[in-house]
Structures are given as structure tokens and as C-alpha cells.
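My questions all concern the structure below.
Think of it as A, B, C and D in the order they're written, each chain with its own count starting at 1.
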Amino acid sequence: MNTKVSIAGVELKNPVMSASGTFGSGEEYSEFVDLNQLGAVVTKGVANVPWEGNPTPRIAETRSGMLNAIGLQNPGIDVFCKRDLPFLKQFDTKIIVNVCGRTTKDYMEVVERLGDEAVDLLEINVSCPNVKHGGIAFGQDPKCLLEVTREIKRVAKQPIIIKLSPNVTDIAEMAKTAEAGGADCVSLINTLLGMKIDIYKQSFSLANRTGGLSGPGIKPVALRMVHQVANAVTIPVIGMGGITSWEDGVEFLLAGATGIAVGTANFNDPTSMIKIKNGIEEYLKTMNFDNVADIIGLVK
Amino acid sequence: MNTKVSIAGVELKNPVMSASGTFGSGEEYSEFVDLNQLGAVVTKGVANVPWEGNPTPRIAETRSGMLNAIGLQNPGIDVFCKRDLPFLKQFDTKIIVNVCGRTTKDYMEVVERLGDEAVDLLEINVSCPNVKHGGIAFGQDPKCLLEVTREIKRVAKQPIIIKLSPNVTDIAEMAKTAEAGGADCVSLINTLLGMKIDIYKQSFSLANRTGGLSGPGIKPVALRMVHQVANAVTIPVIGMGGITSWEDGVEFLLAGATGIAVGTANFNDPTSMIKIKNGIEEYLKTMNFDNVADIIGLVK
Amino acid sequence: MKRKKEIAKVLSQKEIAKDIFDLWIESQSVTADGKAGQFVSLYTGDESRLLPRPISICEIDSDRNALRLVYRVTGEHTGTKIFSKMTEGDEIEILGPLGNGFDTSIPEDAILIGGGIGIPPMLELAKERSGKSYIVTGFKDSTFLMEDLQRWGEVAIATEDGSAGTKGTVLDAIRDNGIKADVLYACGPTPMLKAVKEYAKEEGIEKVYLSLEEKMACGVGACLACVCKSKEVDSHTHVKNKRVCKEGPVFSAWEVEF
Amino acid sequence: MKRKKEIAKVLSQKEIAKDIFDLWIESQSVTADGKAGQFVSLYTGDESRLLPRPISICEIDSDRNALRLVYRVTGEHTGTKIFSKMTEGDEIEILGPLGNGFDTSIPEDAILIGGGIGIPPMLELAKERSGKSYIVTGFKDSTFLMEDLQRWGEVAIATEDGSAGTKGTVLDAIRDNGIKADVLYACGPTPMLKAVKEYAKEEGIEKVYLSLEEKMACGVGACLACVCKSKEVDSHTHVKNKRVCKEGPVFSAWEVEF
């Protein structure tokens, strides 16, 4: 059984990875999950300097999902390189660093700083809906997206993954734009912009008013977008959005995702990713496939 | 307790109505629901001529939601006027006819034909994601939306509601466009475009490949969009998308919806709308409001 | 108004074959108005699963307001799996009876053909019919409901693996046992229904009633999810799309294409 | 790896006051490693509710691997409502123990202050402490856990309506009963915690430990949902945001702002 997949020349032992922001830098969950079994660990978004994030409440539960407005709290690239990277390097898994910023320069600073580090791939979050200044604009406007991708690509030593926002009219166009800008891979979906209201307090449930919707409730939208994008670009696609069971994972692979990321499901069951990885292997066996690559994009 | 709301000069006894396509023309559910208790009945989309709709399977269950690709099967405006309208007129409720079409001319034909009928409001579905030719384009492109709204408004004798597609980057812009085109009201959201894959058949779960996602899973997105739109236009807003409980209904009112429509919840419990109506009344009592209008848009 | 969802109490449940569950529940409305071939919508109670599971009436015991449903658990993370865990005293929400049901008034001899999980409705059908019923059942391997069915008619069996009765299909069993009749009722997988229709054509049997299956959302005719192609225009849209939940699930073989 | 979600068996459950449930479950991991002030994440099993409900350890009975949780049902359509329906033999998924817990090694006399549903953790705290514990409890109206608490310390009561003990707040009860001590532990609603902090300032009490509450997603420190403002930079992000689930839920009153 061969479960290896290759993303921009980087070989992952299997397609399963964490979704950025739901798994910290891997350390906290390493008590529960054997990181060596993951295709990759995708870390929480990191910026050039520390970010405080939003006020609380930062999350709210919704039917089959949740809203979050963490606001990209992160320790900045220095602490990240000093503390989190050395921790991750202990494990036999690929390291994908998620990068956030408020300006193109912010992104470039982080990307340049990571150039000399043993990081396998960079995931550029141009789509976080919770950052007021910048961020969202990049991911929703093709022109901005093209520019930021080009600039980052210019300085990046590792292959770059552009993480797309689903809050757009035409996701395929955005993916093609990222490809045109030099992206080596696209990942999607980030969260859908949502809201919850506390009817007794008569105010927003999140301090930030709006937040990003994730979890199994959004899976059909994510799957549709991944399918659309996989059929629109030639670079590989990392699919995510509501993946909770191995069946969900297989759906994304069939739709054309080369890698699959698991986010909110970790909160419900820290061992989700391991179960998903094992389930996919079982599925391949049952369906008589020797190679996970054989099912990627099978449903056209 | 005053639960009356007014939409474009039409007074509804309460803000609760059916969401188009989930309640037929009211007849089928009239065994289960006293239509006299509803603010309005919104009928299934009707075109100038009968439409066959899509092949089956037309629906698929998803986590806290469902996908549908009915494809706007409908008997055409003639049968509708001869059979469905007379049925509805027996009840003490407002009649909102949902209109679909493939071209601007199609819409205009239906709207003109309804000019002489005792119909209270027309809801123009420019946003059904399941119709291949036309439909979706109108609702996703501001230019098309402006044109179709203007043309329809030119011939409409009743006030028109433009039903917006959520599959856009900027819902507020679309609502403003509809307002600029002369819409008397906007309703939202229609379904989010989604997909499901049958991993054993290795094909799409819906014959149409993609379908519209509805149900409680999408409520946070719907609520966010309703809030955005209510704060962007001066015409009234009808809110929908995942409303299942009276608490959900109150959230939409607080977010700025003057009317609220219930769709998928009917399939889980045919008496949902009545429970929602009653729950809202209880809430107003508990919170010491005499008038439902007092809570509309309270959360700014 | 007149009708609504009912909270039914589970009277008993047992697994009668692998993944096949035999459930008795107490229901006022279904036992009062229901008939063979109609179905009920069952709701899972899990808030992430909104749609009803349509399950055919298998047997009605009006004396104790009891309704019998026999169903198959279709997989691990399914609504039917949830149902299968219910035990005496548990509550389940149901809506029904729904659909048209079989015409039970036809006096002629009939063959009642059930394939797999299409067998249960044949029990109530055999019970309600006045004419003679030959009941032909098709299974993959292990049989179920045999004793119950034998009370109401002559039962023939076909199994795919030959472990019981005729090795082969229900049609093989009909031929094997030399069964002849003027009326056919059938419920089961689509390939079986197709074969039954073919058989009826060959034998010149006119009264052929098939119970169809389609994914449903409302179950009451409002959403147009569950249509099948029909020969004549349908009463709702006039486009030759009949609703399985409303005009069906039972159709004359000659009026539908599948 | 070393840790995982555990399926715990319900040993017993009863409602001990309106909407307050007293649940005993069997748990290997929590009874082996847990201590006062830590909490466990409970999962509802309903597939539409994904996030854990953090509930404090109320009591540990290591002899029978039993964990006691006392919680309030917060409304009709809630996860806690689902928990409240469980009976002996039912299974519930839990993750824990989580968080830091109280420092129980401080030998000085202490006042253990619990407000409403903040009372339960005080029971295990009183049990584990070596020093003398004055337990001050604040209720809206009806009291609960009184007998259990009385086994481990002197108990004072405050009720909003005056139906038991001092009419007023926990601080009124402290003053009323002339209770004095060098250490304060408190868990309860934010206004109460604020008042306790004020009181400590006035009295010059330095050792003040507060258990905070915040919405959680992961419960293990990974998602940064549950932060509170801290005086010193936090160990994770170095931005003065401590995680309630990881660095907390118990903080020195002087290190957090709320």
C-alpha cells in the first residue's frame, strides 16, 4: 500500500495533515497524537511580529460547526523559529508553516526569515476573515492576490501554498490567479464568514462580531470548491473544510485534493487525523487500490 | 402584543413565512400546518412554462443540512394561476409568488401574467444555483442583476423582492444593486453551492453533480449576510437560511430582517413555522417588548 | 392541522438477521389510517440528521395500536444505525402514514414479490388482501420474516447463494415453483423490479404494482425531491414526473419508467 | 499517544437542586491523575454539537475509579441538557484531567469561596488541602452539596433571597461569620471574582487563587480560544494572553485582569 503523495516536490508519507490554527504548533496535541504518523503538521499562522489577537469570546459553537475569531494571535517569527520549529523537527513528518500578515511586506519578512530554516512548505494565509486591516482583501481580490503571490514567490526559498478564501464569487478564478502568480499549490477552504447573536444579551456572540465558520456543516461547500479548483489548475490542491471522518477525507481525494487537512474535528476528537489516515488505508484496500494517488481526482 | 410587520406596504400578521421551494404551494403541508397562522406563504418558483427539473437523485443529506438540485420543476404559470392561487386565496395569509426564469423575458412574462392576480408580493429568484442556463448568472453579476431588476420592476404591478445568491464576494454590493434597480425588498440567502460524493460509487451523490446547501449548518453565514445587507440598504430584508428554532428566528430579526422564512426545517418538522411564530411571541413577552418591530435590527 | 408528527414509544426491537431489525412501536395515527404499501417517515433525533427515513409498514396490529417496521441498517454512521440502538420505552418521532399504498381490493390470485428489504411490506399486504397470495421472497443469504409470511400465503424463497430455496432470483423461484397468477405486487431493488416488469410483459400480466424508492426530503409531496419518470403527465407539475412519496410509492408498472 | 479521549460509564446521576445535576462516572485517567481545580472536557455525542463542555472536578473517589461532576443545565437545547438525561450504564466521552488545578499544598488557613455552579470544585479542594478550610458558598436560592462540604470544613452560606444563611453575597457571609484567613480560593461568576479580588486587596491577603471561565474549543492549549488578559507575558505567545485551559483555569488574582 502506497499512501505517499507529492506536493510541489515534497513527499508526504500520507495525505493527512492538520489545518492551520487548530493544532497549535503540534506541541499541545503531541500528548494525544503521534505526529510521526501525519503526512505533515501545518502550524498556526505566524507573522513577522507577535499579534495579540482579538478580545474574547473568540469562539461560538454552531450546528455542526463553530465560529472563530481568534484574530491570529501568534508569538511572531522569532519565538516560532526558536521554540516551535526545533520541537517539530524531532518528528518524522513534514513541516508546513502558515504565514499571515497585514501587508505584503509583513508576509515577505516572515517568508525570507524562514528561507534558511528546515521548513518544507509555506502556506500563505491570504484569507483569514478575522483580521480587520488587510488579510481578507488579498484573498478576495484577484489583483491583490496576484501581486502578493508574485512578491512572496520572489523571495521564498520553499515552495508556496496559497490558502484561498471561500468568500468569493468565483473560487476557480482565484485559484488560477494564484497559479499565475507562481503559487506551487493552493489550499482551500479557509472559513466562511459568519455571525451569531446572543438573543438575551442582544449582542454579538463573538467580541469581533463576525467569525469564521468551520466544521462538518460547511463540508459540501468546501468539497464543491476543491472539485472546481482541482479542475481549473494544474498545481496540486490541499483540501479542507469540515473533514471529520475518513469518508470525508476520501471524498476530498476523489474530488481532486492531493492533501487533506483536518481542523475543527481535532477539537471533537484529538485522534481524528489518525483515524482518518487509517480509514483511508482501509478504503484503498477494500476498493483494491495499491496507491492513494490512484484515487486523487477520480470523480471528474 | 403586536407581531405585525410591513414589507413594501404589505402588512403581514407576523414575520414568519415559508421559504420558496420547501413548502410547495402550501397545499401539501396544509394537512399539517394552519396556513392562517403564517405571515405569508411563499410558493415554489414558477416559470412562464412548465419545467421538468433535474434527474434524480435530487437531494442528499449532509451534516446539519441538505443539498438539493430539484432544478426548479414547476407546472408553469398557467396551471399555477388556475390551481394553486385559488387554493391559497382561501386562507387569511399573504401570498408571495416566487418567480424563476432562464432569461429576463421569461421573468417578465410571469410577472406580467401575475399583474392581475390577487398576489401580494413577487419574489424574484435570480439565485438558484441549479439551473444551468441563466439563473445563477443574474444573481452573481451586479450588471445582470441591475438589468433584470429594472426590467421586471418596469412591468410588475406588485412590489418585488429580489432573492439574492450568497455565492458572491460582496453580498452588500448585490443588495445595493437590487435596491438601485428598484427592488422593494431583498430576501436572502438562497442556498450555498455544494457537492457530495458517493465514495463507493465514486461519483456525485446528486445527478446534477452540485446542489444547493441549506439547513441549520449554514445559518451563521446567512445571519452574517442578513446583518450586512440590513445595514447597507434602506428597503426591508427577508432573512432565511437555516432557521430551525424560534431562537434562530429572533437572531435574524435582531440582525435586521423584517420577515423570516423557514425552509429545510419544515422537512424535519412540519410544524416548525408555528413553533417559531409562537416562540417569538413568548420571547417578546419575556423581554418586555410590545411590538415585534421594536427588535428588528436591534443588534447593529 | 389534522395531522402532525407523533412521538411513538418503542414496544420492542430485535435483530432478526444480520443488520435487519424488527421494530414494534406504538402509533395512533398509523394504526388507525395506515395500510399496506404506505410508509412512515422516521426521524433520528440526532440534530445533525434532519431528513426523514422512509420505512414501509410491515404489519399493523390495531388491537394494541402497534406498528411493525422491519429495516436494514445501511452503514456505521447512518440514521438506521441510530434506530437500531433503541430499546423498549425509547421514543421516536414519526410522520405517517404516507403515500398511496397497494390496492388490496383486487380479488384475483396474486404473486407478492419481495426482494431483500423490500419483503417487509408484503406481510401487511398479504394480511390485508382477500385473494390468494403467493409470496415470493429473494434474499442474498439468510432469510427473515418466514414464519410471519407463511401465515398469510404460500411462500417461495430464492437465495443468491442457494442456502435456502431456489438458488437465483425471485423469478427463478417463481418458475421453479410453477407459480402463476393474474396480479403482481413487487418491492425490492431496481434490477428486480425491471425483471418483474419484463416477466409481466412476457406472461401478459396486466395488473402489476411496483413500490419504488427515491431519496426524500419532505415525504408529503411538497419539495419535488422524490420524482420518478411517468408515462402520463403527473398531477402536480404536468411534466411526467410523479412523486414517489405522494402519487407513489406504489405505481402500476405501466405508468412509470425506471 | 500517552493520552486520549476516554469512554466513561455513568455510575449514577441525580438532580440535587433545580437544574443542578450530580453525576458520578467511572474514569481511569481522571481519578489517577486529576486534582482539585482541574477540569474535564465532556462531549455530547450529538453530532451537531462538536465542542467539549468543560466541567470541574467536584470529587474523586480513587477507590472505585469514580469521578464526580456537578453541573448546571443551562437551557433547553444545550449539551448539558443532553448530559442530564444520562442514567446508570450510559456512556460518555471525556478528555482529562485538563488545566493546572489549585495549589493544595499551602498549609495556612484558607477561605474557599464558591458562587453557584462554582461551588463544586471547592469540595475536592477542601478534601485535598491539609490546612484548615472555611467554605463559603453563595446561592441564588436553594442550596446544594452542603452535607458533602461540611465533612471537609466549616461552611457558611449566602443566598440572594435570604432563604438560607446570610442574605447577600459570599462576602457578606464572610463578614457575617467573621471568617478570616491568609489564603483565598474562589470560583464563580465574574462579578463575584472581582469582589473577592477587591476584598483581598482591602484585607491585604496575598495568596488569592481564582478559577476563571472562558469558551473553549480544544481544551488543551492549541487553539487560543480561551485566553484571558494577564499581567505578565504568557508562555505561549508572549503577549499577555494566558490560556484558561492550559495556564489556568486557576490563576493568582494578581496575574490576571478580567
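For the reader, a short list of remarks on this structure follows.
To be clear about the criterion, contacts are C-beta pairs under 8 Å (C-beta built on N, C-alpha and C of every residue); 3 or more make two chains touch, one makes a residue touch a chain.
Predicted model, so just to flag it, every value in this text is computed and none were measured.
Counting C-beta pairs in contact, the pair that comes out ahead of the other among A-D and A-C is A-D. Centre-to-centre spacing of chain A and chain B amounts to 34 Å, using the average Cα coordinate of each chain. Annotation: 35 Å between the Cα-based centres of chain A and chain D.
Averaging Cα coordinates per chain places chain A and chain C 46 Å apart.
Averaged Cα coordinates give chain C a centre that lies 54 Å from the centre of chain D. The set of chain D residues touching two or more other chains comprises 47-49. Counting partners per residue, chain B has 63-65, 216, 247 as the residues that reach two or more other chains. Taken as a contact graph, the chains are fully connected, with every chain touching every other chain. For chain C in complex with chain D, the residues that touch the partner chain are 46-49.
Those residues of chain C that touch chain A in the complex are listed here as 47-48, 77. Here chain A touches chain D in the complex through residues 21-24, 28-34, 44, 50-53, 56-61, 63-66, 68, 70, 73-76, 79, 215-216, 264-271, going by the rule given at the top.
By the touch rule above, chain B contacts chain D in their complex via residues 63-64, 216, 245, 247. Of all the residues in chain A, the ones that touch chain B in their complex are 62-65, 67, 140, 167-169, 192-197, 199-200, 202-204, 210-211, 213, 216-221, 223-224, 227, 242, 244, 247, 250-251, 254-255, 283, 287, 295, 298-299.
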